[in-house]
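What follows is chain A paired twice: with chain B in the first complex and chain C in the second.
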Partner chain A sequence: MKIYQKIMLPLFSLFILLYAMSVMAAEKPLYIRIGIPSSSYNKPLASGPLGEIQVKELFDEEFKKDGIRLDVQYMQAAGPAVNEALSNGNLDFGSIGDLPAVAGYAGGLKTRAVVASRGGNTYVVVPSDSQIRSIKELKGKQIAISIGTYMHAAALKILKDNGLSENDVSFYNMDSATLLTAVAGKQVEAAFMTSDAITLRTRGVARIIYTTGGKNVYYQNAGALLVRDEFARKYPDITRRFVKVWVKASYLHSKDKLASQKLDTRVGTPLSTIREDQAGQPIVYLNSPKFDEMWLAHDRRSIALFKQHGLIRRSFDPDKGWIDRSFLNAALKELNLEHFWPDYDINGNPKK
Partner chain B sequence: MKNSWKQFVVIAGMVLAATAGHADDQPQDVPQATETGAPAPDAAAPANGADTSGLQQRNDEEDRLDDKDPRASKTELEAVHAEVEVLRDQWQRSLNLAYPTTVVQSNRPLVITGIGQFRYDNPFNQPSKAAVPSSFSTPFFSLSFAGNLRKDYLEGKDVTYALGIQTLGTASISITDAYLSYQILGSLDSTKPHLAIIAGQQKKNFGTEAAATEAFMPTIKLAQFASNLNLQPRDIGLVLAGDLQPHVDFSHNYRIPLVQYWAGLINGNGPNTVDNNNNKDVFGRIQFNAPVNYDHPLRGLYLGFSGYDGKNTVTATSTSSASFTNTANTTSTVTTGTSSFTNTGTIMRYGADLAYVNTPFGFTLEYVRAKDPTATNGTSLNGATTKPHSFCEANEEAYTATLFYNFGEQWINSAVQQDKYDDYYPLTYQPFVRFDHWTPNTNQKANYSNISTIGFNWFFAQTTKLQLNYNYKDQRAEATRSFSNEFLAQFQFGF
Partner chain C sequence: MVFLLPKHAEDASAALLHLTGKGYAMNVLEIRNRLIGIIVPALLLAAWYLVSTKELFSPQLLPPPGQVFDTLKDMIDSGELALNMKISLLRVSVGFFLGATTGFLLGTFMGFNPVAEQYLAPLFNVARQVPTVAWLPFLIFLFGIDELFKVIFIALGALIPMALKTWEGIRGVPPTYVEVVRLFEYGPYRLLGKVVIPSALPSILAGLRLSLSDAWMLVIGAELVAASAGIGNVMTVARRLFQTDVVLVGVIMIALTGFVMDSVLALVERRLTDWQV
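Right after this comes the complex of A and B.
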């Protein structure tokens, strides 16, 4: 038994010590780590509010004095990969679409939704020489999609409203880069995808048969900026300040639509694609951080749909425990932006 | 006449109303002079309830192009087009060059990987004077080629291949994996069961450690049972590998089947050789995984049962000797002949393993019992048998337990699969302890070998690690009990 007393017990104690060290609370983090889905062009750059933060160095403006640095991680497997990193404690924040955000929380991932996001469109494309002209003609077809992303959610809604279900088509899971080549190479008969569809159409390899652009907000993505619950509890003030930086960036991104669109081209998306994708949608609407009536109604309906399709195993009310408005409200007040963004009603119109 | 005017006004009004009603059907890139924030109707709104028929406010005014924003001319676009074509042609030419070329080509998709090991082994405090000296060595180098021969984009009924070669200590080179795999049930639908048939030379799926490939073994040396019972070496045959009742967590793209199973029909005579008897060996494994979401604390927990049944032919020799008295009046003995006797006996292995592979803590427990035919050599002197050769059975028993602690990003896909400007080196540290017990014959309880290991794996690049192991060995054969120590350091790189 001596061998155990001499070696094993001290080693076991070392394990415990290592674990204790890893969970010991620090006064402030060295990094704030945020994950986002990567773009189809695989450029490690962000668009939207996070792009604004990077370009205008808003993070350093707030946190440089504390020596805290920003670590942005661009996940090729999109929202599910952000969830995975949050689960493993490799991220503190994640900005993702509605399905991964909701499914993560429903599955037990301890997050809080602290800032709302919205506006992502979904496109249905077919190879340019395809005979498919409508959603109804997708029945029985092989369709490429990024499972678990907001496009998956939009696909369920679009199919349902055209009298189809997931069982009527064959979904093939692909990341965004593979999806582009699969359509261009005619390896699938159709695909649900982001505004990259416009680029494919411009290249002449695909035809868009459907877009949610300009249609009911229900089809669009209502995502969120999530914070890991443990991080928010451990660093409430850091969380508040980061949300403030995000809200300030959202404000700057809401001021001039063309300027914002030009900034968003840094991830590789052509300006013409962004402009077509966002046509008709006010830039203030697209960047509103508020959990308003429209966002909530959309999210509740999505949760019911996801539950119905078995994408989540439990239903929940997002406004009871998941959404934490405290950081957002503090930021809006501090930045005097409480009335800059209107509250949108269930139909997406500004409330009077 | 008055009625005609009224009819005209009504028709004109209807036409105008209809036109206004379809204003939103125009292409979206056509700017419309709608007032900011003013709602516009949406002809494509879903008809699934009043609460969803709402309209997103439109603002086409801010979509007007800035006049100061220069637009590319047709000439400029053509120049860009020409540049892309030049790049394309250069790339094609680099592919077409016969020699020298900087681009490796293959008729089918191909992934080349390799593993190399450089080791320092220092046994010390050894009981015998004939102790093994400390030594540097390059115990293992391998090259593996894998890819698909038929890619089924519709159902994922792919045909894939693997071919590997390795060096083992000496200058000899042998084949490791050499198999074809066919996905019988398709692999694209994560919500349905998967089933594949694998034909060729491959790993046997018995327990956790024996089935692990070189890249994923936690310790430098295998658990004793894996090498002593020949479970680790590859074999040649057919294997069915599938799963049932998959649990899919869409929030993490995580799929874990409730049941995984393997069933194999193999020679049982090891790699790169034909069978030595007409009986084929069979093995099977069933593994029950915790069907939970990725974020669940029980993710990575599984319980497995494995069995192996086969035949093995062993050889015993009987050495005949003769004694005589020479002229110096001394007696000498000379060997006059050797006879060989073979016997085919049953080999049986069965075991259970419980593992929890998660972050940061994890453990594996394995228990194995086995039965093997053995042969004892005989002797005879001057025609009289002094020790008869014999065949009997040995019942072996083994158990091993490993506890590890991970901190790092090595096995987290989201950490590895990211867009980055430059190369990326996820760091992971893995201290572990192991206890490994082996009894070569349960009828002789005094015979055993216990090896306790403290180790540390430092993954300082995605496929490269430094391993440090300290082994404390307590070994007993009948009345002889010995204690020894061993320090091993191994640098294993992969590409």
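Right after this comes the complex of A and C.
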């Protein structure tokens, strides 16, 4: 009895305590950590649905009662850096473009695509006094680009359409902030970049020779909100609730185009740039979280192209094991938004 | 390295030296020493294999050796490795040649000319404190991101150790040697060729090795920052596309190339300084 009291009882208590701690730890994390590409202006703020979450405090509305806080990390090296942080467990979620999301999964990164995103344009700019007028003239030129981002994916497609490949040009890898300086300082002969191109043109330092704006949706970005598989398995309910917050934010961001555009200026992008970039595109389309026909067709065609050009080593079907619609469907049902966003066809038109 | 050998091995070598002559005994010693040198890398390789197969690290971050060697083979077969290595080696050759030549001339000038030494020594002593990579942003501002920037960056890195070691070597020439030569009334070129350079040769060759080693590291540094080709750029692109195996192939190739370059210079050094032993 004495042995039992002296040894077994404390051991048993310790076991119970450790078990209780592990159960508590499994139930909820202290933080939900999400990584997004930093804006060219390096402001620690987000645009789009995450911007809406920050401004309207939607995260706290859902998670404050649990004591869970949101930790947003703004990655200057964009999507590829988000992949690295997901890989070493420093992030739980990441909102990134098509090429980094696909390259990460193809490279063995265990993620699930839980919400779709779409709509980022790519611009090709040259210094304002450059003689270059067309994509074909980029042959043999020094071009700044953020390797591994959705603009890299678009570059591949644009060059291919003009009978060129990556081997015909000299790509110099730069983050978005360095890229702006390189174009303005004429250190490169051209650049593939985001809508920051419009701002550069307004300042008179660059000329836009090509934009994916108004072209087929295949040339635009079709990224995703990713969750680390381990996190989703450990905290399925937290994942479901976070996706619900994201979908609610997407809904609020889909209601009034001008209001959404004004909110997006918080990262430093001028309103005129955002308006020109999104011209002709319904705000409902731009914020649809659905993995619809348009998104799937885009991703499948892109994956085939990336494989063909050696950007990824293995091909895969995004709808077989990578996309997990369970959290999104639950959120759409709970928020009664199942029919708010139409399904878009391969060309980005709403399906009848 | 003899101290690493067990006693009986030394005895055996001594016996072989007695029986068969110096050459054979040296071979046995060298082979044993080289085998000892393989132990730690082999253990590291085994640890890498175990850690990656047991998935103690995320396999995306640390792919197993087999996968890395398969990737190496793929890159050799596709010609990607040869093409990029050729570009990196060309850059390093030009930068090293320019840097080492200028460094040798400057070091010789300072070693011979006390006035030049007074003027230039403080500058060199300050310059050697600045890591060459710290010049990178400034050089990009001045020369852009093209080949000129890379060659100047490599040359700058190669110049400093070469100049310092040459200067040090020439200053270390015993004054008695110079006195003897002066007695024979040799001209300055003969003095340089017959006495100063041979006497300073070990230091100059050490400078050459340091210079080449720095040049090789700097070409990789330059390519990691701003390049569209070369082995450093291959690693940057691979990192961005989440291809850790390709990054590791790059690391292996950099290490092997650096080792081969240094070994060749060490061989040259041994041949040229044999007379001193």
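The definition used in the following text is that the second predicted complex is superposed on the first by the 327 of 352 C-alpha atoms of A that agree within 3 Å, B and C clash if a C-alpha of one lies under 4 Å from a C-alpha of the other, contacts with A are read in each partner's own complex, and residues count from 1 in each chain.
By definition in this document, a contact is a pair of C-beta atoms (placed from the backbone, for glycine too) under 8 Å apart; a residue touches a chain by one contact, two chains touch by 3 or more.
What you see is a predicted model, and the numbers here were worked out from it, not measured in a lab.
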Chain A as common anchor, with chain B and chain C clashing or fitting: clash
Touching partner for A:337 - first (chain B), second (chain C), both, neither: neither
Which of chain B and chain C A:348 touches, first, second, both or neither: first
Chain B versus chain C as contact partner of A:107, first or second or both or neither: both
Contacts of A:80 with chain B and chain C, given as first, second, both or neither: both
Most chain A residues touched (candidates chain B, chain C): B
Touching partner for A:187 - first (chain B), second (chain C), both, neither: both
Chain B versus chain C as contact partner of A:55, first or second or both or neither: neither
Superposed model, chain B segment overlapping chain C, candidates 60-68, 132-140, 150-158 or 168-176: 150-158
Overlapping contact positions on chain A, where the chain C interface meets the chain B interface: 77, 80, 83-84, 87-88, 99-100, 103-104, 106-109, 142, 147-148, 170-173, 182, 187-188, 311-313
Chain A residues within the chain B interface of the complex: 3-4, 7-8, 11-12, 14-15, 18-19, 22, 35, 38-39, 42-44, 73-77, 79-85, 87-88, 90, 99-100, 102-104, 106-110, 142, 147-148, 152, 157, 160-161, 170-173, 182, 187-188, 213-220, 257-258, 275-276, 278-283, 285, 294, 297, 301, 311-313, 342, 344-350
Residues of chain A that touch chain C when the two form their complex: 77, 80, 83-84, 87-89, 99-100, 103-104, 106-109, 142, 147-148, 170-173, 182, 187-188, 311-313
Residues on chain B engaged by chain A in the complex (per definition of touch): 24, 28-29, 32, 36-37, 39-40, 42, 44-48, 51-60, 62-63, 65-66, 69, 153-154, 188-190, 249-254, 293-296, 359-361, 403, 405, 407, 409, 412-415, 417-421, 431, 433, 452, 454, 472, 474
Contact footprint of chain A on chain C as seen in their complex: 58-61, 140, 144-146, 226-229, 233, 236-237, 239-244
